[in-house]
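Below is one structure. I have some questions about it.
The first chain written gets the first letter, and so on, giving A, B, C, D, E and F; residue counts start at 1 in each chain.
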Amino acid sequence: MSKILTFGEIMMRLQPPLNKRFLDARSFDMCFGGGEANVAVSLAEFGEDAAFFTKLPENALADACLRDLRGRGVNTSFILRGGERMGIYFCEKGVSQRPSRIVYDRKGASVNTITPDEVDCLRLLDGVRWFHFSGITPALSDAAYTALKIILKEARSRKITVSCDLNFRKNLWSVERARTVMSELMQYSDLLISNEEECKNVFGLEADGADILSGRLDTDGYIALASDIKERFKNLKAVAFTLRGSRSADINDWSGILLSDGKCYKSKEYTIRVLDRVGGGDSFSAGLIYSMLNGKALQYAVDFAVAASCLKHSVEGDFNSVSVGEVEELMNGDGSGRIKR
Amino acid sequence: MSKILTFGEIMMRLQPPLNKRFLDARSFDMCFGGGEANVAVSLAEFGEDAAFFTKLPENALADACLRDLRGRGVNTSFILRGGERMGIYFCEKGVSQRPSRIVYDRKGASVNTITPDEVDCLRLLDGVRWFHFSGITPALSDAAYTALKIILKEARSRKITVSCDLNFRKNLWSVERARTVMSELMQYSDLLISNEEECKNVFGLEADGADILSGRLDTDGYIALASDIKERFKNLKAVAFTLRGSRSADINDWSGILLSDGKCYKSKEYTIRVLDRVGGGDSFSAGLIYSMLNGKALQYAVDFAVAASCLKHSVEGDFNSVSVGEVEELMNGDGSGRIKR
Amino acid sequence: MSKILTFGEIMMRLQPPLNKRFLDARSFDMCFGGGEANVAVSLAEFGEDAAFFTKLPENALADACLRDLRGRGVNTSFILRGGERMGIYFCEKGVSQRPSRIVYDRKGASVNTITPDEVDCLRLLDGVRWFHFSGITPALSDAAYTALKIILKEARSRKITVSCDLNFRKNLWSVERARTVMSELMQYSDLLISNEEECKNVFGLEADGADILSGRLDTDGYIALASDIKERFKNLKAVAFTLRGSRSADINDWSGILLSDGKCYKSKEYTIRVLDRVGGGDSFSAGLIYSMLNGKALQYAVDFAVAASCLKHSVEGDFNSVSVGEVEELMNGDGSGRIKR
Amino acid sequence: MSKILTFGEIMMRLQPPLNKRFLDARSFDMCFGGGEANVAVSLAEFGEDAAFFTKLPENALADACLRDLRGRGVNTSFILRGGERMGIYFCEKGVSQRPSRIVYDRKGASVNTITPDEVDCLRLLDGVRWFHFSGITPALSDAAYTALKIILKEARSRKITVSCDLNFRKNLWSVERARTVMSELMQYSDLLISNEEECKNVFGLEADGADILSGRLDTDGYIALASDIKERFKNLKAVAFTLRGSRSADINDWSGILLSDGKCYKSKEYTIRVLDRVGGGDSFSAGLIYSMLNGKALQYAVDFAVAASCLKHSVEGDFNSVSVGEVEELMNGDGSGRIKR
Amino acid sequence: MSKILTFGEIMMRLQPPLNKRFLDARSFDMCFGGGEANVAVSLAEFGEDAAFFTKLPENALADACLRDLRGRGVNTSFILRGGERMGIYFCEKGVSQRPSRIVYDRKGASVNTITPDEVDCLRLLDGVRWFHFSGITPALSDAAYTALKIILKEARSRKITVSCDLNFRKNLWSVERARTVMSELMQYSDLLISNEEECKNVFGLEADGADILSGRLDTDGYIALASDIKERFKNLKAVAFTLRGSRSADINDWSGILLSDGKCYKSKEYTIRVLDRVGGGDSFSAGLIYSMLNGKALQYAVDFAVAASCLKHSVEGDFNSVSVGEVEELMNGDGSGRIKR
Amino acid sequence: MSKILTFGEIMMRLQPPLNKRFLDARSFDMCFGGGEANVAVSLAEFGEDAAFFTKLPENALADACLRDLRGRGVNTSFILRGGERMGIYFCEKGVSQRPSRIVYDRKGASVNTITPDEVDCLRLLDGVRWFHFSGITPALSDAAYTALKIILKEARSRKITVSCDLNFRKNLWSVERARTVMSELMQYSDLLISNEEECKNVFGLEADGADILSGRLDTDGYIALASDIKERFKNLKAVAFTLRGSRSADINDWSGILLSDGKCYKSKEYTIRVLDRVGGGDSFSAGLIYSMLNGKALQYAVDFAVAASCLKHSVEGDFNSVSVGEVEELMNGDGSGRIKR
């Protein structure tokens, strides 16, 4: 039994070394990652007792994935084994004006074939205080969607706090389907994590005055947007947005905003030299969950979440291997990158 | 239009570097390979005009595969694009008593979804004098099986020579299904390439006195076996066997035998320090096709095929990057590995 | 027969990995490149039918070079084999204030020994609509210069469009010799591609008000310069300039300008984080040739050429592995480097 | 609480890549290892619940070590943090007649500074059924020796089975000191694991007719030796020997013998192409412990232990990443190294 | 006998490749470095005859270190062999807001055990014109401190110029101890090299108006600070400061100031993309020593020292492999990073 | 001034990593090597004062070469700088039946352009007691041949011992030219080092009963051959032969024989797993020179030379990084490859 549970897919990530293009690759660097798994890892790195639930095939590659998670301190004891394969994604890392490109190969992944009777809610949710999922999980397959709903219903009945990262993936489902499903799932969610662009795409709600390309914040617009969202989804207690200003594949501006009870908590904005931006949003979610679960103030929460995810951009791979101490150091103002001897 | 056509799957191969186990891998060396593709590449390396037919998805990984084939001189102009993914296989290279292990991830590969109307026989077989396939192709899916039969029928009507590598893969289909299908396809085949173990598994035919584990040859037994096979499959003109004596993952004995018109042509036996044995059989097939298509004597054919495939074991990757000159050098007796300056 | 032909050298490029200095290198990353070869590759990547003409020795290293070109779709069927070696250049990649340094080792390269009777113009230029060369080719050797002139004369007689990248290399010849030869070759050229500094060095012509170090554009100055050039070389129909503002080895400003019929077409200026700037000019040339050959407007041509060469700076190696779609995406304004999923 | 506990050092291992000598190294491959840690990892790979006890400093390198152990399934919850450094050993891998060389750098390692009050026997031994140590632990420092004795005494009082791998390291202590200490510790041990050479060096006992260099077995001599050992150390219930015949750095013969109740159980002898022989003895110990703890027959035990350690020689790194299934496959006769598809 | 002598530690540096964190490292890039060794190497690269004095153990790792130094032209003939180990430091390279972190493992290093009778001043200082040390040497151990004083006394008696880089390391000694010792050693020093922060930490002296975080210079403040320092340490002839503005782990501002005879010589400020900042201060010291020893003007000296250390930030490893020509090129204004062909 | 001088070429060696073929290489491992340079390095590793004389261009690649030699302890102070390039050779390492292949690219190397007035014999030979060259040096160019003769004449007049490794390279000169020149140079040589095949090729002399392919020794035949050689070349005092039995690219038999004063000293024969056989003969030469120069018995000399060169086959690169202690350890019988802890 763990304090936090996340449920979703985890994939093998394959990336040409050193900014090479797919066409020139003769080897791939390998790691593992996936939205909800990334959140569980981040939380384990923060010292939290986090479990990740998914389904992986019975082969040595999935064994390696489990070892990696377990090594990082994630509780892997709920993970089902079976099905035919684990999903893979190929990531070509961009430079300057050349964007990163991702080729997904997740068709037929074991997690997509999870069945209701494999979801042992009593065991899964025993002792859990926070459950997290993202919009990717219900988009994977009907089976995954069904499994998620079983968990969400039980979580609600147990008054477990639920956070949802909207995480819209247009290659997994249509906008229409996403809107229907995610709207339904919002009734089980206490905290929605998203960004302005996704909110507009999925829910048709947008902040006046926000400029997606620049990623700049207009506080009033966001307060209004959060108000619209909470109007529609009554169960939500808070809404958080990340704001990414993508100057180039290498240089991004990054900040966040948390809205609760009509108040707006804005973080500092960081200008980041991006080493690896995959998993940036997940590390933000993990930062919020860590803060809220430990009863921190909401301003701390958004500051911590943004600092944690700022550091994520400097860590290779999906997983955010940073400690609470490192995050607080940055929060408290030392972003100078001076050597720690 | 090319002189030789092969049809089958091509997969991305991912292998932990330096004999590492999957569990310790943090990167994979990457190359491409697949039975019939390997044959086409070998033939192109021998200077032949060989085309490979398959179906690959529309993504940059498949583009990279096409470039590799094209660079090696294979005619890729017939290759279809579409479907969802290319197959992948993970190869953990064994050492000493630890065997190599392969994890296949070919489910849902584009080639498995090929449809009859995508098979433009007029264009594919225009000018072709030799068509090659293996037992993997019909095992992939019903669609691939159907496509193969369309080609085989047309090939027969055009009197194109057809070779079949029996290549039984127990994780693709059952022995029963393999026996039924391969027996049917034998009626289109002129040359069967196999080994004693497969013949026994698929056709229930075995050579008296052969010892699979040691890979030793008993000539009389093989003549009798070939006779049994030709008795059953009247269309066959010749049968060839490879003989592998696996002393360890590193050291193998390797030889071959070709049977035609009641005569038996045996090759020399090589003891090989194995760098990469995947594709060994395919390079043997290519050696036979090259020799026969160029009107070489049958003794030359089996000697060339075995020498070519002996060298394959010293080349990393599925593809056999050796020239006719290099093969003949070995055939003619210099297996001393002395430096060529 | 191909639609486009380029003629020049292609070398093996050897580069210490990871920004290491020559003195600390224990291995070299290897690729192939050379001005005119780079143009042919870029055009092949754009889907054009481009052939490259050169002479390479009969060894396995040159074979590897041919495979690479052929894999990328370049027609290599005209390439001569013979002579003693292929040229090599060693590239030490700079960082920040430390400049990249190149050590050329092209003495005695096969292409330098090409003879007039090896130049089979009838075959080379059959069906060709555009011929491209750079100032490096005539500088290599008298033999290369003679071969080039044979081609240029035949090209003119066939009314093939000819582009010349001035590409002055001071370690290959003197300014005086360059001026004499290049002035002569201008009479065969329709399009001159250069930069302000080269024009001044080779032809003694310069734009008033241009600032080479900053790379900033003064439109009027360039119009006047183009006018001066066309005054001197009557055959020229258009002149194009690239403008590089080198802030550091890592950060460059990059833009271009195309002058034709007294009109001036300026591109957008990009600020680039440089991964590899070698071949930047060649990708600009290829962009112009692609655009003009396909009848695009001149503004499109310069925009496309600059966007293509902007992307080149984010691709490792001499060759610009980018598609028309990727270039147009950047031209149309998305230089944000946001992930493509 | 775990079923098995081992106590000793764990070091960072640094090794020049690819058989390079120290003098030519510019990078090191890194892994972790140490006699008792290796045993715990092997047992965890066999599915056993094994804990490892040691002391590691509070730094990120030791964190990485803990993650590696935890990922492999070892219970790391007893490991103390503190002191100044973790031990390091540099390993130059030999080839052919050139021997591997090891440079130890374990001076001042945290484990050497362990204090009696840090050894919480109640917690450490709760539920433990088997305790394992080697002769390295008491040789590290007086502190480690004292800590070990505290554990051994408590283990004895709890009737926990104790195994000791003699593991004499001449650079850690003198023969005299080793003899005194190890003789004392034998009174706490049920199973002694050693080889003929060590027994002679440490205890002055030798098998008649054994030939250390060839590693060949003379059964009678070993029965007599075991009898001598048990005569001297009454507490011992069984003695096991490994026999290594070192033909070269690459090729070793390997077998084992287990002696109990006057009976002698000999394993098959394997001729091994050595990928990495470090940890060979530890994997033998783990094989014995696994077998005995699970009530296997003694012949099975020695066969399993030798097959497991045979496979260890084909796995890079100190840790033996092989499963029970893989070991039994080899035990049952398939040492052919044939591909597992 | 050499013209310049430096004395201190040299360590093996181990660094995860490619900005990886310690927790994800499976290999380390290796080089050697240490304050005074770095100065000697820089000077040798400038063509000076520089010797380095230290003590290294008798093992192959130390042999490799000696070869590296000797290859770079440093006179290693004075280096003592003995003791137990060479120090190691692990360097995790930071990116953007994530700082670099260093884990030192120098406990028990041979140099810390140097004894007075091992210091053969007659031989060491024969012909020497300049002696350099840093605050690290006396902080290593009492033995190193004693050895240093022996050399300093003899150097003074021979009127050898002495420079001291204050180099305060808080993990080696306390501020109080550092103040006592360094104040004492100032009486032997002619040139003090430091930065504002260290001066404040060690001597309690600070420049009014300096802003450590931004690294900006206030000339008057520095003149006053230098005056205070020279007031306290009468022997000093000059004081030099480096000024680092750490915008992030990747981007630093860098400049220097030299104060002598009440005059202040300020360098240009460089904004640097940092490849490796370790050894930046040492390369500044070397630049000053080179300039002063060769009788250059003081403005040249600070300009040269800052340009040299600016380039150091673009060179991987502790050692500054740049020539006088390269430094002067940058001093003379070409910081454009344009390719040198 | 050094005790030993060798004169010849040194080249950059480029080799695809990990047994890859040239056609699949995307990077090259780099080292330096050349017959006479290898001898000098071996001698320096044995602690001898050895100088190497050659000519290298003025570029950073040659600088790197010098550093490598200097680091290994070779006196590089006589090496001339100038000319255009350093020679390169590409080495594709063979496996099993696939031979290693070498592509030489030494045309136009600086050493080939050495002029008589660059050969300052007074300085070069000052203090020299042994001079060594091989048949490659006079084959490089007339200039190199002339320079060599100048040195040889002076060496003779100073009664310096001269050794010559016959080292016939058929791609450098014809058999006829080799015979003429080498016969002439024999009059300056005291010791000839060769093998049976070369002696036959160059001098037309062969040992009765020798079997080149198997490399087996017939003592009488060799005594007769040595007698024939000394009959023809009166100045020779001794002749030494290496005997290589090439079972495969991986496994070689290796031994040597030294003939002097009608006596025959045969070494033990080693069966070697070959890691890198390039430089094997050079390490044999160095072993002889070391032994003879230090007044060892002739049996010791051949045993030492063969053991040293046996170890060379286990060291990557041209240079034999082994110490006298390591060689003697093997000579004295420990070829078991057991770990040295």
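Observations, loosely collected:
Methods note: a contact is a pair of C-beta atoms (placed from the backbone, for glycine too) under 8 Å apart; a residue touches a chain by one contact, two chains touch by 3 or more.
Owing to the predicted nature of the structure, the values given are computational and were not obtained by experimental measurement.
At the chain A-chain B interface, residue numbers used by both copies make up over half of all numbers present, so the two copies contact each other through mostly the same positions. Across the assembly, the mean Cα position most removed from that of chain A is the one of F. In this assembly, the chain whose C-alpha centre lies farthest from chain E is B. Chain A and chain D have centres, each the mean of its CA atoms, that are 43 Å apart.
Between chain B and chain E the centroid-to-centroid distance comes to 63 Å (mean Cα coordinates, whole Å). Chain C has residues 18, 21, 23, 26, 67, 101 in contact with two or more other chains.
For chain C in complex with chain B, the residues that touch the partner chain are 67-68, 70-73. Listing the residues of chain D that touch chain E in their complex gives 14, 17, 21-23, 25-31, 59-61, 63-64, 67, 84-85, 88, 90, 92, 101, 103, 105, 107-108. On chain C, the positions that touch chain A within their shared complex are 18, 270, 272-275, 310-311, 313-317, 321-322, 326, 330, 334-341.
Across the complex, chain E is touched by residues 18-21, 23-24, 94-102, 104, 169-171, 213, 246-251, 277-278 of chain C.
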